[in-house]
Amino acid sequence: MIIVLKNGTTQEDINKISGWLSRYDVEVCPIVGAETTILGVVGDTSSVDRTSAFLSEHVDKIIKVQEPYKRANRKMHPENTIVDIGGVKVGDNKLVVMAGPCSVEGEDQIVDIAKHIKETGAAIIRGGAWKPRSSPYSFQGLKAEGLELLNIAKAETGLPIITEITNPMHVEKFIGKVDCFQVGARNMQNFELLIELGRARIPVLLKRGFSNTLEEFLMSAEYILSGGNENVILCERGIRTNETFTRNTLDISAVPALKKLSHLPVIVDPSHASGMAWMVESLSMAAVAAGADGLMIEVHNDPKNALSDGAQSLTYEMFESTMKKLKLLAAVMEREL
Amino acid sequence: MIIVLKNGTTQEDINKISGWLSRYDVEVCPIVGAETTILGVVGDTSSVDRTSAFLSEHVDKIIKVQEPYKRANRKMHPENTIVDIGGVKVGDNKLVVMAGPCSVEGEDQIVDIAKHIKETGAAIIRGGAWKPRSSPYSFQGLKAEGLELLNIAKAETGLPIITEITNPMHVEKFIGKVDCFQVGARNMQNFELLIELGRARIPVLLKRGFSNTLEEFLMSAEYILSGGNENVILCERGIRTNETFTRNTLDISAVPALKKLSHLPVIVDPSHASGMAWMVESLSMAAVAAGADGLMIEVHNDPKNALSDGAQSLTYEMFESTMKKLKLLAAVMEREL
Amino acid sequence: MIIVLKNGTTQEDINKISGWLSRYDVEVCPIVGAETTILGVVGDTSSVDRTSAFLSEHVDKIIKVQEPYKRANRKMHPENTIVDIGGVKVGDNKLVVMAGPCSVEGEDQIVDIAKHIKETGAAIIRGGAWKPRSSPYSFQGLKAEGLELLNIAKAETGLPIITEITNPMHVEKFIGKVDCFQVGARNMQNFELLIELGRARIPVLLKRGFSNTLEEFLMSAEYILSGGNENVILCERGIRTNETFTRNTLDISAVPALKKLSHLPVIVDPSHASGMAWMVESLSMAAVAAGADGLMIEVHNDPKNALSDGAQSLTYEMFESTMKKLKLLAAVMEREL
Amino acid sequence: MIIVLKNGTTQEDINKISGWLSRYDVEVCPIVGAETTILGVVGDTSSVDRTSAFLSEHVDKIIKVQEPYKRANRKMHPENTIVDIGGVKVGDNKLVVMAGPCSVEGEDQIVDIAKHIKETGAAIIRGGAWKPRSSPYSFQGLKAEGLELLNIAKAETGLPIITEITNPMHVEKFIGKVDCFQVGARNMQNFELLIELGRARIPVLLKRGFSNTLEEFLMSAEYILSGGNENVILCERGIRTNETFTRNTLDISAVPALKKLSHLPVIVDPSHASGMAWMVESLSMAAVAAGADGLMIEVHNDPKNALSDGAQSLTYEMFESTMKKLKLLAAVMEREL
């Protein structure tokens, strides 16, 4: 931690600030320049409240040097973490494709989609049961019934299940019925939910909030990890920018960045990133070429009549075409699919 | 709703799309231009799923014409809503100042601050008991004890209480102990929480998410209103932009915009917007000059030793100076304070 | 400047980096912590290329401590700069209102508007002759003829002229015909133009680019100042954010921030910030309440038939109403108008 | 164009607005709904000033339906445009890599780099002579001398030259010395420069402004195209977002989006997008996988001592490794390299 002092700060003032810092387990090293004096603070600065010291009339600004996340940090854990979702390993050499509809709409729908995506090479079935929607008047999902239908699809195909959880009160009823929790972008900083998921021992796929930094993203992962649940998967799904042609802007750089900063697996969701089915293949290719460990893709048996997100769902034909190209690309990346 | 068709769409195609729309209670009016054909769709289009129709190979884009919020819309409710928080009317001619520390830290602290702000002209005491923090390692609030301490401060001063709620499981235990729920920026789209608050009959101050549009903000208010709770106050607290000098960027235009689009009271939080105590007075003045119905300001008896947000908390002296200037401004705005 | 080294950096490596830095007039002070070693670099670090040193395999990151702008910095020039535009002092106690149409459209129009705004209390006439437009097919301004018409309006009213310059080749022909150059948002980083204006001795009103930081804004001012032209006025006109209800988002915090960081006068343009005439009064009030030194407001004799920006231009009645309220506010701010 | 009228608009009002629109070559079709009345306006609406009509007291909002760009629009020109830069075809099946240093620094440097990149497979040499820099105190390029040195490198290797132009006054002196003009992100809306380049007959690589939409980007291309110069190449180089880990955020979706909206070739600059050399390979792969027609990559013989952008320049070894992987990927994409 670096504390930049204002011009005109005296030695006495410096002593006062150093005294204030002595409550923490840190060492203070002043560097006196012609124009600016700075204090280098070394040791465990994570407990020094960034904002309080700022208040001193002699402090110009405080700059953090160390990443605030520990358990998610690759520096503390150099080898890749591999997360096991019902037998499917995410973060390993083999690319993992999670596919399925935005919402579970009925038994025929989800079973048919599960069979199709399995044949086409997907390893995990996705489908929303509780749907967070911007409007209270939109379809909110089949809820508990949706969870049952996903389990029928699993029984038919053997595909593990990932589905979104939106309420800390639901954790109990999801256990035993899902193989991986999904936390949506709007809940990335729903800390009460993250704390509950940290207590569970089921994997969590955490989506990046649509306007959150990578540091905030990793701090949210830290909530789950520090609760004792080490099975966290990071999912980039597009951020909000000035560009409105796409639903969101896929931050493709987040893939190499997260792989460097953290040891956790990184998945990309091209469907929410673009909001347009015709663009999903291009973004899927880009994600794998950038080093992603897998993809989450919306696929629907009848997108025109989907109850939600029809515009961004692939038809079976589009999904087959995309998987075919991805297999060729996997070889170039020295990965399997 | 406007549906723009692609070039080359035939009359037969138009009939097919009109047929698809006939499942809804709407009327379709085609307008055929030389280059573009559009379909005007009138009636109750709120249930037409925007994304599904998009999928038709003949649809170029779909444009919504009506605001998706109903109960929050001034068009449906022309007169101002006035929300009563323990006897204090928000949205009326009198400006309302809510003040207090970021976190409740102890009995002496909160009682002392409550007495001071009351003398200085604030009408409501604020203070966090459950604190959502980006880091799991930061101070998380005194929780239930904090709620008790706020009630001691209320008993001493008569000031109604506003405090943040972060978990739908907590609603029961807050009832009877708070005069107004606060929903923080990170929970603006925590729909499960909003649904619970819609069932309660206590006022809710809803903060705008740091990257949410005004339409999304009003849709979140709609969740509470449509649940039957009409006591919603909107709070602008700064949005995330490319500028990093301030903690957030106060969207001052949101004040006149929200007053025009909605009948709900509008409050501004200059403390979180700026993140810097020295800037709070200027932003408070700007907010009232732009037409805000009140302010939420962080005030602390000892900001240098605050457990959170010390840098943005006003000292008593600063708060007095700010209130003095605000009183002069209130007269210019033909409002009381 | 702070250089954060990677873990595992040896004393020998530190010596190597210090050696590399010895080419500059700086002193290097290493601080060795348990987890991290940092190098404090003091002296004139402005010439140390930030990016080059970054490349060393031992450098984790480089953090700048000093502001990169010198002449624009209040630390180097504590008293306010007052800029004289044809006898009107900007940055002094008296608020300055610059008003007029987006584009000069004809003699009757500009003379009529000039007379009206003068009676209503404006001190400077604005009007575009060369208009930068997003579309090559939009009205591009009357160009040289517009400049002549502005001078007729000046002859009739005595109001000094401010008008936009978009091309370094035009500087010569503007001299003697304008009292203040205006640099538009899209040209804030048109450094070739800034360099030419630094050579001129006529005041420059520099608008902030719609996605530029305050630091970049002050660096662009620095281009003009370092060329020898000290008459620079800063103008906040809204930035681009996720909110699309307004044309731009007025960054009201920029007013107190720029007044603190710099000694240059600060003007606000509520017309471009909002893009909607009905919002201009509220934003004008907010700007003055936040400490602005003046305003630039679009006023038109017939907004419905304006050739550009009609939607955001005030009618005469609206302008009169706004000025009336501003005069009351000026008194509260202890300023004149 | 759609004009949404306010509630309570009468038939007489509609007639008045239709009358106002009769000055343009358009047809007006009213659609009267229970809650809202809209006017469909068909024909050539490009000359209807969007903002003026807005002003009518009966107009709620105006929505544009057609893209404002014509010559850049794929709808008007379905086949791909191929731009010839000194014999190198951009936009054809063969991928084009433009490589070289940020700045031309000396003869040995630029000739050595040119030889290396040619051997490695690049087709065009890039290098800055006039450098737009945020700070007036940074290295501004070798200017005219830089242009001469680029021509020496061309004479030695046969590689065509691309270099940045920042001033409309320079066009004459660049002609005959460059094979392609480059317009930087900060000048994307420097319309005076674009107009001059529209008059030249040399290809122009236009970089997207760091906060501009795709529509604005295509409108800037339209400036050049409508001036008569059809040789425009679009270059995505990252946009400014809330994420600060990378220098900019590469908008990978822009690649498929621009290929769909326009017929012009699309190039990606991963060096400026990331600002970090180690990330360039990943982003280059992503760009080609997403469908880009080529890349512009910064390569330097000695990045640690580069006068600008050292941190994002590839060493020869890194460039060779990147090109090797790109060749494998090109085969998957059914393209050559």
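To keep things simple, chains are lettered A, B, C and D as they appear, and every chain counts its residues starting from 1.
The rule is short, and it goes like this: a residue touches a chain if its C-beta (ideal position, glycine included) is under 8 Å from a C-beta of that chain, and two chains touch if they have at least 3 such contacts.
The chain list, named the UniProt way, goes like this: A, B, C, D = 3-deoxy-7-phosphoheptulonate synthase.
Predicted, not measured: the structure shown is a model, and the values here were computed from it.
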| item | value |
| --- | --- |
| Identity of the chain that, by mean CA position, is farthest from chain D | B |
| Chain pair equivalent in interface to A-D, over half of contacts matched, among B-C, C-D or B-D | B-C |
| Centre-of-Cα separation between chain B and chain A, whole angstrom | 26 |
| Chain B-chain C separation of Cα centroids, rounded to whole Å | 31 |
| Distance between the centres, which are taken as Cα means, of chain C and chain A, whole angstrom | 39 |
| Residue numbers of chain B (touch at least two other chains) | 211, 240-242, 244 |
| Residue numbers on chain C that touch chain D, as the complex places them | 46-47, 49, 51-52, 54-56, 68, 132-139, 166-169, 186-187, 189-192, 195, 210-211, 216, 219, 222-223, 226-227, 240, 277, 303-312 |
| Chain D to chain B touching residues, read off their complex | 2, 4, 7, 27, 29, 31-36, 38, 40, 42-43, 63, 65-66, 75, 211, 240-242, 244 |
| Interface residues, chain B side, partner chain C - complex | 211-215, 239, 241-246, 249-257, 260, 273-274, 278-279, 282-283, 285-291, 325, 328-329, 332 |
